[in-house]
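One chain, subunit A, links the two complexes that follow: it is found with subunit B in the first and with subunit C in the second.
Let's look at the complex of A and B:
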């Protein structure tokens, strides 16, 4: 995975630089016009936001139940990325909603649960920051609860009638809109993987350094 | 299995014995919950009339605030007397200890709610007796969901720095689904034309959340409490 970091960073940076031109070339959506173009960033970041929650939850479970020390570093990295991609989702969403629905925010289940998930990430990171020793295991427990929320977000929109469009609209998009969407999705995903690698690596080094300090204290 | 519930029963009875002798948590929590409701009534009620739909929200805000206070205290007492280690060292299932703590907390919160619900009914003119069974179901399942997470987090936070501030910070985002269910369900019963199917839907959802939260909590309690 680590070998991919540099090429992924270069590639995703290049693709994101090119993204404005590709998005500009896509046709205008008939009813929403220009503001619909925020979708090309909104959708990838929203998906990666959920992916971050799953990655964080799975690694927390590995850390908690299988005592895998390195899994904790991955969980922290995923949580920080979740906070970033969640912030992008929560900022771009209202911009689009204002034009499409006429309001900035509605308490629709999917929106509500995204905000809650973002708050869970923020609380998790606060715990890791201020909790002191022992907070890693507590954080892992917290992340498991956070992950329990994710399928609920996804299912909720299909259970309740809501304003938010069904996820099934994505495969039915016209090709000229599909190309920029999947282009941005690929760029965001590569950036996500590269950042996850870098951050987890840093966290592993930090943990190793801490272990060395402790070993020296005891010696 | 009978051993599991026996341990849970003993843990709960121990907590209740301590509580009956001091009445510390019950009285402070109850007083705090009543003050919260009074503050809301000063802020919101004008000329004896509260705006529609606020009673349910205020009831659940008071329950969650009071619950946080009670959770912090139940484990603070164990830490202060350094009895948590003894509890963990006891040759018993860890999840049984969790269940015992949870039952004790539920009992306390139930007592608080018995005072709180009529108070909200009185101050905000909420029709609390029109659907007693459904309202109790909402209160019971909502409180279980909230307390299940709260007991786990309070237990985990015992050994962590700045636990008093971190408990609400962690607890509220996780329990928002339960709070939404409780508030919306109660509001459906309190509104001018009560919406029974809606309340029943939220009760079902609360039961679902309770199952998820209690299962996860039983599952995580063992590894997080191991030193």
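Let's look at the complex of A and C:
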């Protein structure tokens, strides 16, 4: 997988460079017009934001219940990517909303729960950075709460009244809107996988470095 | 006692938006709220009467994606470089 990291980053960067031309060729949406094109960046980053929460939660559970130290490295990497993709989601969303809804933000369930999940990631990373001994186990528990939030975020637009487009939008997309969406989704996903690998590698190397320092102190 | 004071201040701060008129979130009655879109309908032309230039918002969204991605790749590369250099020097010292 490590060998694929550089090609993935280069290919996804190339695809993101080409994306404006492909998105430009897509038709306008009837009620929102040009601003709806933010959707092609917003949707992939939002999905990967939720995927990051699941990856972080699953690896945290492996660390917490099976004492798998390497899983902790993957959890930290996923949390950081969750923060990055969450920031993209939470910035591109209001840019779209300003035009489509007339406001930057509304406190509806989808938006509020997404912000809460982003704050859980931020709190998790701050805890890991400054929490001291035991913060790894405490952080793992916190990541499980973050993962539990994911299904609620996903179904919130179908269950509660909101202005946010429902989950039925993507399966019913016409082909000429679907092509740019899945093109951008592939680019974002490749970037996500590559960055997750590199970031987890960094965390594993840090753990090795710490172990070497400890061994040196004991000797 | 100090904890009690801190808790009281926190409760007052959290309750303030609900107590002060104008700060409370505007709740629309169910009948007033527009329906959320269930599907996107494509058209060939931009609808007339676009008040806010949407191109600025779309460009800002695209620019932000690039800014965040490049910034993040740069921070990972920098941190990885530091850790790898430290690891290499420690392993050389051990030998």
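As a working rule, the second predicted complex is superposed on the first by the 219 of 219 C-alpha atoms of A that agree within 3 Å, B and C clash if a C-alpha of one lies under 4 Å from a C-alpha of the other, contacts with A are read in each partner's own complex, and residues count from 1 in each chain.
Definition applied: a residue touches a chain if its C-beta (ideal position, glycine included) is under 8 Å from a C-beta of that chain, and two chains touch if they have at least 3 such contacts.
Only a predicted model underlies this, so the values are computations on that prediction, with no experimental measurement involved.
Engineer: Is A:92 touching anything from subunit B or subunit C once the two structures are fitted on A? First, second, both or neither.
Structural biologist: Only subunit C is touched by A:92; subunit B is not.
Engineer: Just subunit B (first), just subunit C (second), both, or neither: which does A:35 touch?
Structural biologist: second
Engineer: Given the touch rule stated above, what does A:127 touch, subunit B (first), subunit C (second), both, or neither?
Structural biologist: first
Engineer: If you stack the two complexes on chain A, which partner ends up touching A:116: first (subunit B), second (subunit C), both, or neither?
Structural biologist: first
Engineer: Applying the document's definition of touch, where does A:104 land relative to subunit B and subunit C: first, second, both, or neither?
Structural biologist: Touch partners of A:104: none, neither subunit B nor subunit C.
Engineer: Between subunit B and subunit C, pick out the one touching the greater number of residues of subunit A.
Structural biologist: Of subunit B and subunit C, more residues of subunit A lie in contact with C.
Engineer: State whether A:174 touches subunit B only (first), subunit C only (second), both chains, or neither.
Structural biologist: Once the two structures are laid over each other on A, A:174 reaches subunit C alone.
Engineer: Could you say whether A:84 touches subunit B, subunit C, both of them, or neither, answering first, second, both or neither?
Structural biologist: Only subunit C; A:84 stays clear of subunit B.
Engineer: Between subunit B and subunit C, which residues of subunit A are contacted by each of them?
Structural biologist: Residues common to the subunit A contacts of subunit C and of subunit B do not exist here, since the sets are disjoint.
Engineer: Contact residues on subunit A for subunit B in the complex?
Structural biologist: 64-65, 112-113, 116, 119-120, 122-123, 126-127, 130-135, 137-138, 140-142, 144-146, 148-149, 152
Engineer: How about subunit A: which of its residues touch subunit C in the complex?
Structural biologist: 9, 13, 16, 19-20, 26-31, 33-38, 41-42, 45, 84, 87-88, 91-92, 95-96, 98-99, 107, 157, 161-166, 168-169, 172-174, 176-177, 191, 195, 198-199, 201-202, 205-206, 208-209, 212-213, 216
Engineer: In their shared complex, at which residues does subunit B touch subunit A?
Structural biologist: It is residues 149, 152-153, 156-157, 159-162, 166, 169-170, 172-174, 176-177, 180, 212-213, 216, 220, 223-224 of subunit B that touch subunit A.
Engineer: Quick one: in the complex, what on subunit C touches subunit A?
Structural biologist: 25, 30, 33-34, 36-47, 50, 52, 54-55, 57-58, 60-62, 64-66, 68-69, 72-73, 76, 79-80, 83-84, 86-87, 90-91, 94
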